[in-house]
Amino acid sequence: MLNRNIETFIACDSEYGGAKAALFGAPFDGTVSYRPGARFGPKAMRGESFGIETYSPYQRRDLLDLAVFDCGDLELPFGSAESALKLIEDRTARLLDDGKLPVMLGGEHLVTLGAFRAVYAKCPGARVLHFDAHADLRDDYLGDALSHAAVMRRVWELTGDGGIYQFGIRSGERAEFDFAAAHTNMTMFGFDGLERAAWELAGTPVYFTLDLDILDPSVLPGTGTPEPGGVSFRELLDAVLMLKGLNVVGLDICELSPHYDQSGASTAAACKILRELLLVML
Amino acid sequence: MLNRNIETFIACDSEYGGAKAALFGAPFDGTVSYRPGARFGPKAMRGESFGIETYSPYQRRDLLDLAVFDCGDLELPFGSAESALKLIEDRTARLLDDGKLPVMLGGEHLVTLGAFRAVYAKCPGARVLHFDAHADLRDDYLGDALSHAAVMRRVWELTGDGGIYQFGIRSGERAEFDFAAAHTNMTMFGFDGLERAAWELAGTPVYFTLDLDILDPSVLPGTGTPEPGGVSFRELLDAVLMLKGLNVVGLDICELSPHYDQSGASTAAACKILRELLLVML
Amino acid sequence: MLNRNIETFIACDSEYGGAKAALFGAPFDGTVSYRPGARFGPKAMRGESFGIETYSPYQRRDLLDLAVFDCGDLELPFGSAESALKLIEDRTARLLDDGKLPVMLGGEHLVTLGAFRAVYAKCPGARVLHFDAHADLRDDYLGDALSHAAVMRRVWELTGDGGIYQFGIRSGERAEFDFAAAHTNMTMFGFDGLERAAWELAGTPVYFTLDLDILDPSVLPGTGTPEPGGVSFRELLDAVLMLKGLNVVGLDICELSPHYDQSGASTAAACKILRELLLVML
Amino acid sequence: MLNRNIETFIACDSEYGGAKAALFGAPFDGTVSYRPGARFGPKAMRGESFGIETYSPYQRRDLLDLAVFDCGDLELPFGSAESALKLIEDRTARLLDDGKLPVMLGGEHLVTLGAFRAVYAKCPGARVLHFDAHADLRDDYLGDALSHAAVMRRVWELTGDGGIYQFGIRSGERAEFDFAAAHTNMTMFGFDGLERAAWELAGTPVYFTLDLDILDPSVLPGTGTPEPGGVSFRELLDAVLMLKGLNVVGLDICELSPHYDQSGASTAAACKILRELLLVML
Amino acid sequence: MLNRNIETFIACDSEYGGAKAALFGAPFDGTVSYRPGARFGPKAMRGESFGIETYSPYQRRDLLDLAVFDCGDLELPFGSAESALKLIEDRTARLLDDGKLPVMLGGEHLVTLGAFRAVYAKCPGARVLHFDAHADLRDDYLGDALSHAAVMRRVWELTGDGGIYQFGIRSGERAEFDFAAAHTNMTMFGFDGLERAAWELAGTPVYFTLDLDILDPSVLPGTGTPEPGGVSFRELLDAVLMLKGLNVVGLDICELSPHYDQSGASTAAACKILRELLLVML
Amino acid sequence: MLNRNIETFIACDSEYGGAKAALFGAPFDGTVSYRPGARFGPKAMRGESFGIETYSPYQRRDLLDLAVFDCGDLELPFGSAESALKLIEDRTARLLDDGKLPVMLGGEHLVTLGAFRAVYAKCPGARVLHFDAHADLRDDYLGDALSHAAVMRRVWELTGDGGIYQFGIRSGERAEFDFAAAHTNMTMFGFDGLERAAWELAGTPVYFTLDLDILDPSVLPGTGTPEPGGVSFRELLDAVLMLKGLNVVGLDICELSPHYDQSGASTAAACKILRELLLVML
């Protein structure tokens, strides 16, 4: 579990023993059908995190006051999605066993399935809070059950109906929206009803998964499948702050593909949201 | 009229005979004074259209249910604007004769003149609905009557006073705004009054021309003349949805210059707006 | 004071004698700790200024009606901040002596200190209006008192408590916000209270400094330290228009780093804001 | 076998029946460990092929005089290398059965295995001519037998010792060079001995595989793993011309990753080499 | 003839009266069929010229010792090739009348025709020395006689057979090479025979036109039509040095399209060649 | 001296105690007059080093067999060149005292002065072997004695006449070449005479400094001041291999500015040369 030979996310340089949360990267983008590159997300976030401050004027709190460990990146095989998911599941389980909040940096969205499997094994009633542009509810993608376009369908197979709360969804096949109407709690386009959902989820263990492409591509062009018409940074930030007090038992940030944004603004947005998330959760 | 040797816009692969609408590219940027590149717009839109879905959650309709043919691109001479306009006019006329809705992908904004000439010949009372950052009402540009900065002035010479409804205009010479005050219906900066305009235009044949630089450059940096202070994607989308029910007899989307946005977000925005437009119109 | 061998900002080609305002570039980025490149800002603004119009539909006024001289860029040593500041101070003093409004194009934000020293010497009671994402109130940066992260602290040493009005601040160390609470008038995140500040400042000589990174990185990715969650172009424009009538005795625009935005949209935003500022001030 | 909805490589628009050779794209990069993107290679080559001429002044022959069909791209699953290889093998076998020379556009280098399996089944004594920067002779990569770094090892398992002629190799693990010394005919760094190899191979069925990263990264920066110290374009061209008269029964061009070279020069080099190869082979 | 409001090429800031040579830009790319952008060439060369030195260690001479005037750029209409050529011809004629060596910075290659018309009118027996990747000998391009692909054909109509010496040609249609065999002195691929040509041309008035795409795209990716297999920088430099002593009465450098090379290396190559040319000629 | 929180250069993860050589980054570019960015060099080299192999087929040796420690980067103040040099000198001295070969990764070329001061204090007769495109022999740059354009002049003030051997120089002011003729051993353009120099230097302590812009910009566009006409990668590699057996007591690699080459090829070239240097030296 040592983080040899890595540069940590800013201020996440606590010793493992005393850490309340542990970051790890899951640099996998093996099932991406359109534009790969999310494998470079975790490394870019660590490297660019030194361009933001540790202090949040939104929460008036400072990362320097937290105890977070950064495990570095998992070494994942690109050719085999199932093997990659197993390695992610094992790491997440280990962190949970050690009493750390697992915080995963994707990678494509499929990695959520690995982490959630471990969380669900530990907290059988856990529910999923899902911010995304895409429904990710396909039954399969070109026959492939393990695809970033099908990850929430796989998660639903664990949680059953009503176990997933989706916000911001603005893209999918017609069948995905039909499925959502029957089986998940989906809010399209934005965060209407998030406050109520937070109230419903109070006390329940929650896994939070953030697909960064919920942001408008003007804010985050650095992602594999830019989908116009998304939320602004302030809208996402306000939604994240609303999670304060939830019983979050695991979380991830996915789908930053930094090479598609040479300005670095996308990576800066991802870093700042991670800072705020850590300060909200800990 | 065959579309040999092209890759069509997503789901626009109907046979010509049964198609209700027909796309064609007009990859011309020969009069652009500042930064060329709109010639690459149609090809980029076709290639990247596979990154969006065919289904619209905004309209709950699917491109797969429409019958659209994609003619591919016209082969246009760069050195002669008049020749290019003639070829565009002929293609538009042919599509109108065959009972198809012509949908042109520019290219720079001057191409609108070619298409509108054909539409106006067919529907003499047609009016023009114009979304743009720039007034495009110069009498000429460096002595050139055929310029993308003068295209609406040329269109006005056909329609006469009151024939053009302009929205979103935020840039031009003083003389252009003076001209507009006297001769066109111009709404500056946004879409105030669009609902009323739609009501006025009900039943009248309308040519709709969309210069994508009406969008803020944060949303669409990939254009020849980025003009800060534009509308958001959602504002444009809402405006497009308001066109439902109009008697649109021809339309175009212009001024995507994809090379200026390596992230692909500009092209994605153009593709998504085209999807919504086709679903609104058909 | 001749502007030999330069290409001026659009329509700023008045003769020096009759000019009411004088632009000059301060292409210095020697203390930037994160990503350099602001040295290229003034040249990019001049070169790209021809992509915008001279006429403002917001103010219904035209740059062509003003008399502005463009001095070109100062030649500044990169290795020595103090020397650079001295050259900036001298140039500003000379312009003030000649009765011109000095308009400086940065360069990193430290250049403000040079210009303000000259202004303060001439107008001892001058106050500072500061638009920025960052507080810039550090006492030093890695022991360096002359740093772009400390420039407002240095300015405060001149003006004393209450002399600085800060707007839009969304990033800094905890100590900077504590300092601001005690010593400056800081509005976080946006422009609330700007109208009241303008009322308070009426009649007082004001130095206006605009760090362009107050804009959201979606609007202006081309800057050294992109900080998500900023204001929109329209919000900044509205704020700038609110400065009408203030007794502005000097001003600057800083921190455009054009190489980080290959689309040119960042530079276009900077040019348009400068046009509006000149029209507001003169 | 129809090429619906594609834009062919320049002048490769013959009807299938009369074609002597058939191009197909294998847009797979699922095992790439470092930088993905070779999936975009075939599409880039088709799109940019119109920037070169059909006539070769080197061979004084013209693509217009050949009969080549372009099948478009295979649709390949990214998550499963074995499934992708099977689809490639089937396509290659079908083309061989129909008497066409299969010409595959990668994709990463692993795709060669699929095509060669079909070729080897048809021509059991076939040998392999391999131009590359990398030995590609690992036994596995992170435990994965199907990896672009192991593809020649898999090919060797079919051909046995002496069945592979490698040229230009300048990178690999020590063990790969040891393996080559025992089992393949490897020429390091360049093309010394190619003429002799061509003489040895006369009459034998040969599969030719070209990993474009044999070119120096100055010539072809657009590849996943740039390896400095490669051959010049003229050296590669001369080597290709030396293949005239060989009994080539299948061939591929791999590892163009066009997004890493925004200038388009890499894609132009790939297109020109393909033109010369087609003219040499047919 | 004054150069108001421009930044000159390095050290070309002599007064007009005493200047032996005069630079002017011809920022026209209106007939480019593939990728436009050469219009940005002259401005990029001026701006980046300050990255090279004025002293040549190859010739042991210094630009500072010459007297060169820089006229800035012509303002050319993009829509009309003939009008643009007329303006170029007029400027060249005026410079010749004033006894200055005209040095034109393109722009696409068609601009050569305008300058050569003026030169030929003044020196009826003038011959043309042409360095290029492309033959540029088409009779027309899509029916257009004024095209950058036909410029040498148009020049030949003035000079007649044997009046053009072409070097480095490696691309064209078969018909162009056939035409060259009958009517021009063409050396393919490189500079073999240049020394002999220089000997033949001794004393004759010579117009020298350099299409920068003669350089390999590794050296100059920033051009509209990159053609692999070109000469190295040193080969071009040596060829340029061989022109010492020729009676050059006009010259141009064309087809730098700087946006396609974000590194700036292409522009640096163009600047350095221009420095060497000026030192050779004056 | 611990390397906490860094990602090392490939295979340079030995413990400090047993290491024969120690890498450290000097990410300083504070005196760069043209294009900054060399501060990003060391980090880019570490991050991209995993794209090359540890084994060298040129030397048939492997980095895995060496013992090298990577100290990470020094934290250097950008505003003060003298302070930065002092920190570099201290680090170098400490490594020398501990018996390690210091291997510095720049940064701009001025950093060489800091390291050489320490080396010269330890080995008073040390000479300098200097590979570069630029002479770097100015007395000052805009009055600044500490400039990357003057670094070799400062070094000469320590070594005296004949102490510096320069190779590859192809750019400078006339005065620099005059100075070299009198005071250094300069070989222009390439490596002629390197073998003889190596023979002369046998046994003498040598400091080796490599400015990567000696490479042609086609090979290494990612540098602040690209100078066309440089050596190829193979020429540089051969020259480096010729250093085998020299008594090198310190070395550096400077002037990689990775942001100017988005393809990564420049960084790959720097990494590969560093691998070869380490294998030659240890």
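In this document, chain identifiers A, B, C, D, E and F correspond to the written order of the chains, with residue numbering beginning at 1 in each.
Everything below uses one rule, namely that contacts are C-beta pairs under 8 Å (C-beta built on N, C-alpha and C of every residue); 3 or more make two chains touch, one makes a residue touch a chain.
Model, not experiment: these values are computed from the prediction.
Between the contact lists of chain A and chain E, the overlap consists of B, C, D, F. In terms of the stated touch criterion, the partners common to chain A and chain F are C, D, listed by label. The most distant chain from chain F is B, comparing centres defined as mean Cα coordinates. Copies chain D and chain E of the same sequence differ in orientation by 120 degrees, per CA superposition (steps of 5). Each chain gets a centre from the mean of its Cα atoms; the one farthest from the centre of chain D is C. Mostly differing positions are employed by chain B and chain C in their mutual contact, as under half of the interface residue numbers are shared between these two copies.
The distance from the centre of chain B to the centre of chain D, with each centre set as the mean of the Cα atoms, comes to 42 Å.
Rounded to whole angstrom units, the spacing between the C-alpha centres of chain C and chain F is 39. For chain A, residues touching at least two other chains, in rising order: 216, 218, 261-262.
Interfaces, counted as pairs of touching chains, are A-B, A-C, A-D, A-F, B-C, B-D, B-E, C-E, C-F, D-E, D-F, E-F. Residues 29-33, 36-37, 39, 75, 77-81, 142-144, 146-147, 259 of chain E touch chain B in their complex.
The part of chain C that touches chain E in the complex is made up of residues 4-8, 13, 43, 47, 262. Residue ranges of chain B in contact with chain A, taken from their complex: 50-55, 57, 60, 62, 216, 218-219, 232-234, 237, 261-265, 268-269, 272-273.
Within the complex, the chain D residues that touch chain F are 34-35, 169-174, 177, 188-189, 216-218, 221-222, 225-229, 260-262.
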